[in-house]
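One structure follows; several queries about it will come next.
Order as written gives the chain letters A, B, C, D and E; numbering starts at 1 within each chain.
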């Protein structure tokens, strides 16, 4: 049979590819002094990739290729949008960061874009193989990027840990996939959905599914597969940490949701409780772990573990309660979107603050607010948003999460809801601790002078965008809900 | 001006927020401009609320109807609307809030705790104002929740930045912590803990409301459903419990009160004034506006429990007061007792009781607010709040001493002053609670509550004796103390006047509240005073 | 008899029409407001005025006197009965709060009393307080005192009564603690306030119960309900009545609430005069009179108890006056015991008797206090051991004081005799024979200690320092003015005798909406009257025998001892175990036990209670609150912290341990799901 | 031939891979272990394919992809090893535990 | 299919031999005390696997395995080992001291997986040496249905390549760079 390729549907990916090649060639031709053009190109390219997205979104038809193994529906578009925007912010963050130290800019952006490409592909994949390849492309470059600060042993260690656990998880994931294939003879989600129906009692199926969950659990750094996260986050270059905590986490989520929701809907009684446990464990462990952290990046690492837990909650709850998964779906996506924005904001603040304090230690940030009020306010906005304090975007994420849980109903979900509630209080404690040292404590160390610590234009832009999103969504969550609703349109393909 | 019908409340709520933004644009060092502008803004909000009174239709309030209602779609997906409106119950509280805010601005004119920075302080105050006003007019659970939460952040910073910098040994904690830091985070966590569960409760209601039509967060619709008995059984129990946590922490009811003394003691004067005068009311208001109407049957089940907690609060708070050495802390604990009376009134679920609660809230707002003003000004002059070191204040600052004495009398519920009605009427309510509620519990609580008034008198006299009377201790000898200055006077006199007016003419409040309350009680608990009054007293 | 029926008709008509009696009645409310206005004005401008605001206070009361007298006369000629109220708030349609004023026999009597006595005391005070501290404040508080009392007696309903009631309490607190630089005075003030507050609990609860039972707090309504035995009321009448009486005990210093009264002497003497005569202490009796129908028709079962308390008060506490050296204390205890008389009477059913005694007592007690004040003013000491032989230096004071003393002792034909006789008669008629004889004994005691007081103060040689001389006119004037009613007012209510065309006190007092249905003698019971008089004379004779004759210094003579009795008396507060104590002399152990009880229980009532509460307070706060409730919170947070530490421990940084828990986690998951679920 | 015999074999190799991954200290050796695990996966896929015989040889295609990715990962891994070695003069994982709680 | 039948098929004996060698060499891979040996044992394992593939009529994959792995990857490994100057002789320090838990874990894994597989596919028969899957078919599906992953995986390799180089190369200090420019 023949497969015709729908180039418009692939346009975003193609744009990114093109950008990669441009960046790469630029890097070859440009002298070191001019290398920053590569950054500009990367940023521009990413922005450009958004255009076809908008076009596709505007016509809103579901495009399906290769008998449904590659689908561009609203869900895919929304997620691609998230990936693109997040990537855009990360690039903005990276710009100055990478430039200031003599890293390999061209390669850096090339790899970053490769990872983005992977996530884009994955969002459309309706087939285990494409999913797997996409996932690999998403994470592969990151192993290297995590170690980008070559001279810094911490960075090396970060990448090494990430890599080893990464490949381990990949192996397990693959084993699970192979089992699935063997059991069903199918790799497309549609096919799997049909073939797995009602086979929830076979041990092999259980093993396969749980192996998949383990694989994804690593990507979203869910407890107990989270150990790499704090170390890697701390060691990796901060923009990469941001990228890890947002894009690759989101990618993991997308993969997991796709597989569970499209490929294994009828065996939910296996994966639902597993997700339930993962969610509860991640929230609790993540938050408790964050309580005592003294390094702000590390704190954010743990917080992102906890946040992953929160994100899992709706899906787990709904599935456990056997309720309509659509609500959960949109809730999770809403959470994902909001989380992406505010977390990136938080990391941008961390970068800016670190420039000012020359340290990632929370203690060193004491009294920052009194020296640089603007930065201080940003700290308040993003960290309280993460804590879910209205009227900052974060509240709606939590709100949507609780909402879908309650709607799911059932005892186990109520329990989960209570766990989540208690955790959100614990979370406030450590987020507030950062705000506290920034505003409530008196300055101890002296700060870098205004002039040289002034955040680069690109970073300012990133901060501005994140701030805008965080506040506006906070007041008019309809924007977020729109995304959530759009993401409900998800085609099984096939 | 019928445009005001639609815009009135929105203005009242958001003028301060807008003002805060404007203030942000003014340079930090231009203090006068900042203060003037802040004053103008708060006055504007106050005026707006006065106009609301002016156009408010006092002629009877049918059950569950609101005036100045605005209902615009807000978050379509979850069917949450920007629904604001006002009725006799919320009207006094709204005005109280805007009113006290003005006084607070006036007072802070020349009272800046360290580290000064008036700009941030005023901005926070204005944001706070928006949160407070908003909570009183919100008719949509989500909206209510937002405003309810928004209040936290400014107060957190007020306490945390301008709060008491002295270190304090916390029992159960290893090292000493700075009072303000400890208090602020404690306040924050407590309230958030409560409201997290409150939110769960709201969502559960939302979900359940889907059973009978479209899911909604609208308080009005939910109230109708509640009256129609849509929420009952274990569901109602859980939901009420969840919301109870949220509100009880805010009130605060025993045993969720422990954040209060710390917060009050640590907070800067204006902070504790706003905290006591308005913020505590959010909780009790929540009970009246949300818990009771939406879950009437369940409320009836919880009522005795609430009453018991309330009475414990009354006795407990008063006893705790007797043990205090810190003037401000004493006043803080007195709040626990007074709010106990409010909650007792609510628990009776009679129109008498609920009216008592509302007037009690207003009175407590005025009186305790004034007390905190005084405490602030004194520690401003004496640089201590230790009552053992104070004394003979009457000699050093006659006017301030006099005002303190007056306020103390008002606070101990002297008939003829505002404080009396809340206490007295909640006792009245407790004697004949809603038909079907355990008379035993409520009458016992009535007696205990009455005994509580004695204790209240006890610690208030103790306060006066310690602070006002006797000879000034030697350390103050020969020092010049500036008696009440004109900013303080402008801030306090209105309060004093109101306290007296309400004391002799409670109709000032009742004329607004009673219709709404009665219609509420009649419809939901289908009981009315005649029943309550003529029911054979011995039950 | 016919009179009150007429009154009742008038009443109904009055209540419907709202008002009768023309201008003076319609505007009677002025009396309630004026002093309060004066209070505010003096607070505001007092210091600037020539007499520190005294003129305002006096002016206000003078106007009141006008009104009160007119009303009094109107009431004598043809009963005036009206109520004027206006709403201050309502809950729904049923529960209405009103303020206003009542004009009927009882209230008019009180208006008159408060205004006249008040006025005289005020005038006197101008002299007494000259060149004292805070004069303006004194008169302000004084006006508040009188004003609150008027609000109280004018109250048409329990709410306003409570307002006035607490107002009086507040004013007394302010005035007792007038010299607040001295902590003892402050404590005295606190004590008075707290004791009253405790009693007020009774009043408030009683008010609530009765009010809710009837559906309104209106006196007329409640009494009417009592009159026609409204079912919902009759079920609670006893409880409500008891609670009200509990409240009355506080204000009227009935045993064991008397403890605040002697300390209340800490205030300036005029305060004591007012407090003991017209305002404050009479409030309790007034309340009993106001609610008389309740006790008459519904709550009569509890009467014996009330009478008993009254009896204890009148006799046992009267004895205390014997051992007091402070002249004001002597008078204070005599007041307590006289209040005992009144309570006993009202409780026993002697509406007229009790209130008539209140009426007369007000005058001569005020007179006595002012006289004492003038003496103290002269010798700068409260102690009789610093006085003596003053009758030459201060004749006016002396004679007026004697008049008051005789009247108090109940000597024919002074006012005191008639009112006390009426009480004895009532007691006899209502069948409280034992109590009646106690009352007679009380008369003896009264006469005895008054004689002692007079003798020690005015006879013998002067034992103090300096050269005392008569007080200025402004002080003696009121004395004279008060002497007249103290002597003459008995005539207003001679049993069976009616003033031509005016009737008598009984009838004036009976002008109420609801018939009082009390008994009062139509003729003098000469036996009883005689025995009372005899007891009094005996008291005087004995007293004179001991202190009167003018030989060596009286100091030694004051060593006069009655074996068992006096030692007990000297331990002032323990009077209430007097009777037991006498037995105790014969059977020691019992006595000691009882003494112990009194030592730690009765006295504990206030001082102890305060301490205990305080201790309790520090317990609740220190242990329960800070450790317990808060401790839990801290515990939780600490727990979270620890587990947080645990989580961190797990993060060893060794990648292979991570991998291990990675695989381990996976396996556990699988095992759980394959084999468990 | 039974399908399960291949599966058991692959399970064994997979398990051995895990063992190696957990015990080995030298990063290169850890990489070798990972290769074992991936190889196990391949055996699975091929074995299944030989039973399923899907229309377009999905199993084998999958296997090919796995092999490719494995190769790529080896490249990445070795690069990291080199980098670490350059900084630390050692390729032992135990020496790398700066980052912890 | 009983044990008897199974034994009676000669192919199974072949399998047994190959499988044992594979497992054994795999075991040595994770236990060998010598880095180079370990690498070589991996070669053995993979070779055995290739044979199995052939038995499973997957010729193409088998050859891919041989070429890619034995041809390239192993060489890569050996280079790695050499560059990191790891001792090529015996080295006791290669393993962690604690082997118990890893052993337990891996055995558990084995048992679990084996059990699950047998549960699922107990009786399924592999038709021995059926005609090999034609390379053409694979090519078609690789460039047809699976063209997207095929393209994407090339990026994985490219990224690995570029990134690998960047990470692994020794950074030049500015001076050297100047020289480099000059040249």
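Here is the rule we use: a residue touches a chain if its C-beta (ideal position, glycine included) is under 8 Å from a C-beta of that chain, and two chains touch if they have at least 3 such contacts.
Keep in mind that what you see is a predicted model, and the values were worked out from it rather than measured.
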Those chains that touch chain C and also touch chain A are B, D, E
Chains adjacent to chain A and to chain D under the stated definition are C, E
When I count C-beta pairs in contact, which pair ends up with more: D-E or B-C? D-E
Interchain centroid distance [CA atoms averaged], chain A/chain B, Å: 42
Per the C-alpha centroid definition, the whole-Å distance linking chain C and chain D comes out as 98
Dist(centroid_CA(chain B), centroid_CA(chain E)) in Å evaluates to 71
Could you give the separation in Å between the centres of chain A and chain E, each centre being the mean of its C-alpha atoms? 31
Residues of chain B that touch two or more other chains: which are they? none
Counting only residues that touch at least two other chains, what does the list for chain D look like? 7, 14, 17-18, 21-23, 31, 47, 51, 58, 61, 65, 69, 72-73, 76, 79-80, 83, 86, 93-94, 96-101
Return the residues of chain C touching two or more other chains; collapse runs of consecutive numbers into ranges. 648, 651, 653, 655-656, 659-660, 663-664, 670, 674
Write out all the pairs of touching chains, ordered by chain label. A-B, A-C, A-D, A-E, B-C, C-D, C-E, D-E
For chain E, which residues are in contact with chain D within the complex? 1, 6, 9, 11-12, 15, 19, 22-23, 26-27, 29-30, 35, 38-39, 42, 45-46, 49, 52-53, 55-58, 60-61, 64-65, 68-69, 72-73, 76-77, 79-81, 83-84, 86, 93-96, 99, 101-103, 105-107, 109-110, 113-114, 117-118, 121-128, 130, 133, 137-138, 140-142, 144-146, 149, 153, 156-157, 159-161, 163-165, 167-168, 170
Would you mind writing out the residues of chain C in touch with chain D in their complex? 648-649, 651-656, 659-660, 663
Residue numbers of chain A touching chain E in their complex, please. 1-3, 5, 17, 20, 24, 32, 65-67, 69-70, 104, 107, 110-111, 114-115, 117-118, 121, 129-130, 132-134, 136-137, 140-141, 143-145, 147-148, 150-151, 159, 175, 179, 182-183, 202-207
Chain E contacts chain C in the complex at 96, 101-102, 105, 108-109, 112, 116
The chain C residues in contact with chain A across the complex are 637, 640-641, 643-648, 650-651, 653, 655, 657-659, 661-666, 669-670, 673-674, 677
